[in-house]
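The two complexes that follow have chain A in common; it is paired with chain B in the first and with chain C in the second.
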Partner chain A sequence: MSKAASRVPGGGAAKDEAICPVCKSSRYLNPNMRFLVNPECYHKMCESCVDRIFSHGPAPCPIAGCKRTLRKAKFRTQTFEDLKVEREVDIRRRVARVLNKTEADFETLRDYNDYLETVEEITWNLILKIDVEATEKRLRLYEEAQKAERNITARPYQPDPSLPSEKAQVVLKKGASQRKAVATSAANTPDSRANPQDGEVEKGFNFHGLKKYVPPAPEKPLDPFDGWAIEPQFYVVQDDYDVEWLTQTKNDPVATAGGYDMRDFYSRALCDAFSGFGVFVEDEIEARAKGLSGDANTGTRSAATAALGGKDVNMDDVF
Partner chain B sequence: MASSPLVLSPQPPPSAPSSKFPPSNISKAKALALQHASTAPASPTGTPTPPADTDLDAGAQMNEQVRRQYVITKQIGRGTYADVFSAHLASDPQQLVAIKRIRLQTGWTNGITMDSIREIRFLSELKHPNIILLHAVYSTKDQKISLVLEHLPLGDLEEVWHKHHLPYGNADIKSWMLMLCRAVWFCHSHRVLHRDIKSNNCLIAADGCLKLADFGLARPFADPGRPMTHQVITRYYRPPELLYMARHYGPKVDVWSVGMIMAELAIRNFLCPGETDLQQLAMYCDLFGTPTEETWPGVSKLELYMPPSTQKGMDGTTVATRRGQPASFWKQRFSLLGDEGIELMRGMLTMDPNKRLSSEEVLRHRYWQVAPRPTRKEDLPRRPGSREDGEKRLGEDLKRVAGEREEVEGGRADKVARKLDFGALRR
Partner chain C sequence: MKLTEDDIYRTSTQYQHWTFTAAQLAAQRLQTNIQASERVRAAVARQRAPRSLKAENASASETERGESGANTPVLAVDREVNCLTVGEEKKLVDTFCKRALDLGDFLKLPIEVTATGVQYMRRFYLLNSPMTYDPQTISRSVIFIASKAEGHHLSVERYASSLPKTTPADILAPEYLITQALRFNYEVRHPFRGLKGGHLELMALAQGKPALLPTATQSAQELQTAMLALPRKPDGPATSMTVAELEKRITDAYGLASHILKTAALLTDAYFLYTPSHIWLSAHLLADEPLTLFYLSTKLPLSSPMHDKLLSTLRACSTLLSSHPISSHPLQTTASAEQQKKEKEEIGALLKKLRQCRDPDKIDLVKLNQAQKRDVTVRVEENGGEGLEESKAKRRKVARERAEREADEFWGPSLKRKDEEGSGGNLEKNGG
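The block that comes next holds the complex of A and B.
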């Protein structure tokens, strides 16, 4: 008895895993079998069944009792073993894509917490399939409001043609009994409309204490020089100078053909001559005195530069 | 000039200086300082910190101080010209640097190699976000100079198009090229010719910023009438006037190299991988047309110029095209760059250096202003792989002798030592 009891659940689980519910082929016959799910109804079936049934376009789910229309492109391998978890994660991802405010977007923590509660309410409504239509509508409203605010034309999420809310329109074309069922489900919605917050929501993305969205400042025109400007301060370079000792080079075709430009030389010569105008030794000494605490190092350093730069000082090493 | 002291005085034998210079070297140094900075208000009179080694002269002490600031962790590159180490600040292990230790070359037994002199000279002057930063210079006990450079762990620009299958687009090319052009413009506006611009020398920092490195062939603009050597710039990037052996040239040589890099990025291959200088020239003539006196005034005066009737084509037997490739060729091959990009690239790759865009005209080109906007440097595609790989690449790039390619793919191993023709200068 105990033996049988222990075997049955374990064996059952293994069986579920190994046999495709659609074609009943088992892993024993097909060792490479992979199971796929569609986030529409989360019914599991093997890869070859997906290929066979949905290759020619959308088709209804082959599992008995499930009438949803599935598309091949939406099939994927499941990430979580528990399909309920898989579905919850999918829903949360979808909600988070629309309702993605952070604490910094709100004025007070209280407002942020209220917002989080609304998010959670929407999420659980979708997970537990309570008021699905109204919730979806609300979510869509939020999304459109945000889209209008940010002025983003392309948004990754697009409503699925087979979502329940859209399906409502499809149902309306169907039989009277089904239409009645829709009417009863619609009767539930005023219930949620009575919610005071919902009244505000209808107008768009509107939460208490939400800071106004400030669009990022438009990018400045690109500065190819990156803010650097190297312009002579004390002189203006002319295109040509009539100097006797330069005329020979200036008119030498060999020099000009190779790309040697006299203007480069002019600007260099003028820079060498005049760029010292803006430098004042007193200022530099003052800056140095401010910047450095007096220690022996300063003396040594200037001594070394003097020894290296000054020609009249002999270096005290013989090498 | 230099923020870091370049001190190359060797450590003297312990007895020699004390006998020759009876007064302490420190006091002499202080006396020198006072003498040279006589206008300085109240020079520091506090007691000098007791020196660690009393038998070192002032220069050697400063050298010691700089050297002790860095802790070498490991070697990341080894070459005939230089060894490259990864290191960090002794005070802060988070601050990484790369140390390039130059090996003394056999040809230069007395003194520093020309390359390192140039590198130290220009890097200590040029401070720009797109030029590699030289933190300090010191020498070791065995007389080797070490350059403390910025640590750039994300490889170089050649790797971007060559080694990995990194996807990138026009906006990314624009961003890299803009950073490179800014660096080149900065060099030129300070009257420095880089003379070895190639995608190997465009290193990429940890934040995606491109940095121009390797100033081993740089020099200031020449005086009028002074000849320069034409044996500079790695061959694939060498402009036609240098191949024609022009000895008077200007900053436009660097602009050609930049144009070559842009073409490379667009086609993910070398535009003109010539195996010899003559073949390189033949490729240019095939692509851009053989220059004549009409298209390039004065070209026939250059030493190696060949008129279109004798200029050999790419395969060495036929005569090169006179007119170059038509516009449709460029439009098709470089479609990634867009019309403005092609216009800019062709402006940089103009045979006649006098008609070629200058580095400032390049930055004023409308290519930078039209859509797409250049990618922000943080969003640029990055090399995959670990940081160690990138560090290795940094080591390889820094150890290389300027002007030389170290590529062995396709059996093309031109590891022949570069010869700078200094004798020719005196002619």
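The block that comes next holds the complex of A and C.
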């Protein structure tokens, strides 16, 4: 009798943990036993049961009174000892993914606080299973609206699987009475917004004082030279030159295998050929000597000279 | 924000620090000469002071005894040091540049290395005088530095062993001195690659497939026809060459220009006075004038004001290049025997004169370099210069020891070595 009583869920926390409610095997027999939970219904069962029941595809939950279809992939070890907390955390995570505004997104603090209030209300509605249907729909709508606005490809909002939804009802073939109960509960709970506006119908939510989303400017293509470009005045580089003394290098695998490109040589040779073509030393150096040119280099040099007491650096006395 | 090839050249150190007008260059050489002469005279006077004092005493005692042989030392004191003039200095530097070039040939170094070395030498002697630093030593060291700067690495031992009576220390001693005189500007822009670029373009023009400038008025075909009809000599009759002949002509011009660049351009002041672009064009102008003028006309329309200016610059540069005796033409490189002999005598006399007016402080660069190093105790000698070095070294050593002691007081002594650790550790344990 006492043995039977100990198996009743909630009879004793320690014992309850040690025995799988499905196969009734205890940790005493299997020290490596792990318990898994599915976020559909949060019923605990041991790993071997999960393997046994769900290996061949989705199956209904083996716990008596729970008819939800579970999949093996969704099973996981629970994070919190209290399954209610586990569920609440899951719900909060899902809601926060959709309603993810920060204070900076609002015009005033007041608006932000109102928004937080709404978020909390929605979360608690979901946790307490009040008005679930409508809230889920609004969240989904809002997410879609956000996505359309920001043009991002994020994971779509997944409704809480532990709550009865349209899809779940189809699968589980819930009784009409239950459905009716849900509908009445939805009708009974007072909505946070008694008169949903037009925008709310389309977008799910309409927060007051939310700044308009400005998409960031598209990134410019990388310019490693910061806008500078070399534009030769006196030559145009060709792709190839037909000169005898180049043929050997052109066909030399030693040069080509290393990635040497003849065009580099062409452009460098031509750049060398004409760098200084239009520089007339007599004019330019004269001007530089007189300090007429506002050359930055001349400026720094004269500054350095001034700092050293009006003398050029004495370079010659190393010894 | 666009950069032209001229802007690129203006960013180079060669343009910023090592390009001068002819007047500036002359002024700089004069100033260097004056400074060096003053220094040499001062150093010689300082060196002679104690000796002359002795000599006077000796002569005084000798006059007491008799009059014989008293005149010689007094004469030596009075004689003013006969310093080199600017022209003689330049002549010497040119000679040793030529020798450096021969040295590069002898060691079979690539021309870039030798050319860079020669330019280092010219730059060095712009700020220093051969009277202060021996050109022979400097020329060897300079080639070694150039081999490093141009990425043609030689080990100093191998380099020194390939030279007569030279040790690695001789090569390394003036290295820092040279580097400093170069203002740490190792880059020398040579006209060699530019000449290759020009050659490529000329060949493309001859083959009738050039990439024309957007401002070009003539088509590639017209240019080729005009090129085939170019006269052989300036103002000569028009010719009609085949493409193959024209290509040969261009290649010949390239060879000749390249020879000029490898000799005359290095041994004159061309690098100081002109840009590499002007230098190779001038060399090409010397090699084949009609061809070069034609090439210029494809780059600049005759009507442009820059054309005349450029042409006068090129003419001046080519006059400078051809003024050098050795290289106006590869066939005429060997001047007449008589001329050579005269030249040799002249240089011999100059070297003799140089030996008379060397700066006595800077003769032994190796010793000076060592004295610069840590913990070197230079033996105190009679003359003042080295005694000064000695006291400097002592002062440095004392300062360093004091700094170490202070650091030890603050940070604690340095950690013990492993072999000493065992006993030290035990002692510490006992103490604690």
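By our rule, the second predicted complex is superposed on the first by the 167 of 319 C-alpha atoms of A that agree within 3 Å, B and C clash if a C-alpha of one lies under 4 Å from a C-alpha of the other, contacts with A are read in each partner's own complex, and residues count from 1 in each chain.
In the analysis below, a residue touches a chain if its C-beta (ideal position, glycine included) is under 8 Å from a C-beta of that chain, and two chains touch if they have at least 3 such contacts.
Model, not experiment: these values are computed from the prediction.
K.L.:
Could you tell me if A:268 is touching chain B, chain C, both of them or neither one (first, second, both, neither)?
P.N.:
Both partners.
K.L.:
Using the touch definition from the top, say if A:85 reaches chain B (first), chain C (second), both or neither.
P.N.:
neither
K.L.:
By the touch definition at the top of the document, which applies to A:281: first (chain B), second (chain C), both, or neither?
P.N.:
Once the two structures are laid over each other on A, A:281 reaches both partners.
K.L.:
Once chain A of both complexes is superposed, is A:227 in touch with chain B (first), chain C (second), both, or neither?
P.N.:
Second partner only, chain C.
K.L.:
I'd like to know which partner A:249 touches here: chain B for first, chain C for second, both or neither.
P.N.:
first
K.L.:
Is A:238 touching anything from chain B or chain C once the two structures are fitted on A? First, second, both or neither.
P.N.:
second
K.L.:
Under the stated touch criterion, name the partner, chain B or chain C, that contacts more residues in chain A.
P.N.:
B
K.L.:
Please indicate which partner A:289 is in contact with in the superposed arrangement: first for chain B, second for chain C, both, or neither.
P.N.:
The answer is both, since A:289 touches chain B and chain C.
K.L.:
Per the contact definition in the header, classify A:66: touching chain B only (first), chain C only (second), both, or neither.
P.N.:
In the superposed model, A:66 contacts neither chain B nor chain C.
K.L.:
Intersection of chain A residues contacting chain B with those contacting chain C?
P.N.:
Correct list for chain A: 228, 230, 268, 271, 281-282, 285, 289, 297, 315-316, 318-319.
K.L.:
Across the complex, what residues on chain B touch chain A?
P.N.:
5-7, 9-10, 12, 16-17, 20-21, 25-26, 28-30, 32-37, 39-41, 43-49, 57-59, 61-62, 65, 128-129, 178, 181-182, 185-186, 189-191, 220-225, 241, 244, 246-253, 296-299, 301-302, 353-354, 356, 363-364, 368-369, 373-374
K.L.:
Quick check on the complex: what are the chain A residues that touch chain B?
P.N.:
Checking each residue of chain A against chain B gives 219, 221-222, 224-226, 228, 230, 246, 248-250, 252-262, 264-265, 267-268, 271, 281-282, 285, 289, 294-308, 310, 313, 315-319.
K.L.:
Mind pulling up the chain A residues that touch chain C in the complex?
P.N.:
Chain A residues touching chain C: 227-238, 241-244, 266, 268-282, 285-286, 289, 297, 315-316, 318-319.
K.L.:
Can you tell me which positions in chain C touch chain A when the two form their complex?
P.N.:
Residue list for chain C touching chain A: 1-6, 8-10, 15-16, 19-21, 24, 127-128, 132, 176-177, 180-181, 183, 189, 191, 193-201, 203-204, 207, 209-213, 251, 273-278, 280-281, 299, 306, 309-310, 313, 362, 368-369, 371-372.
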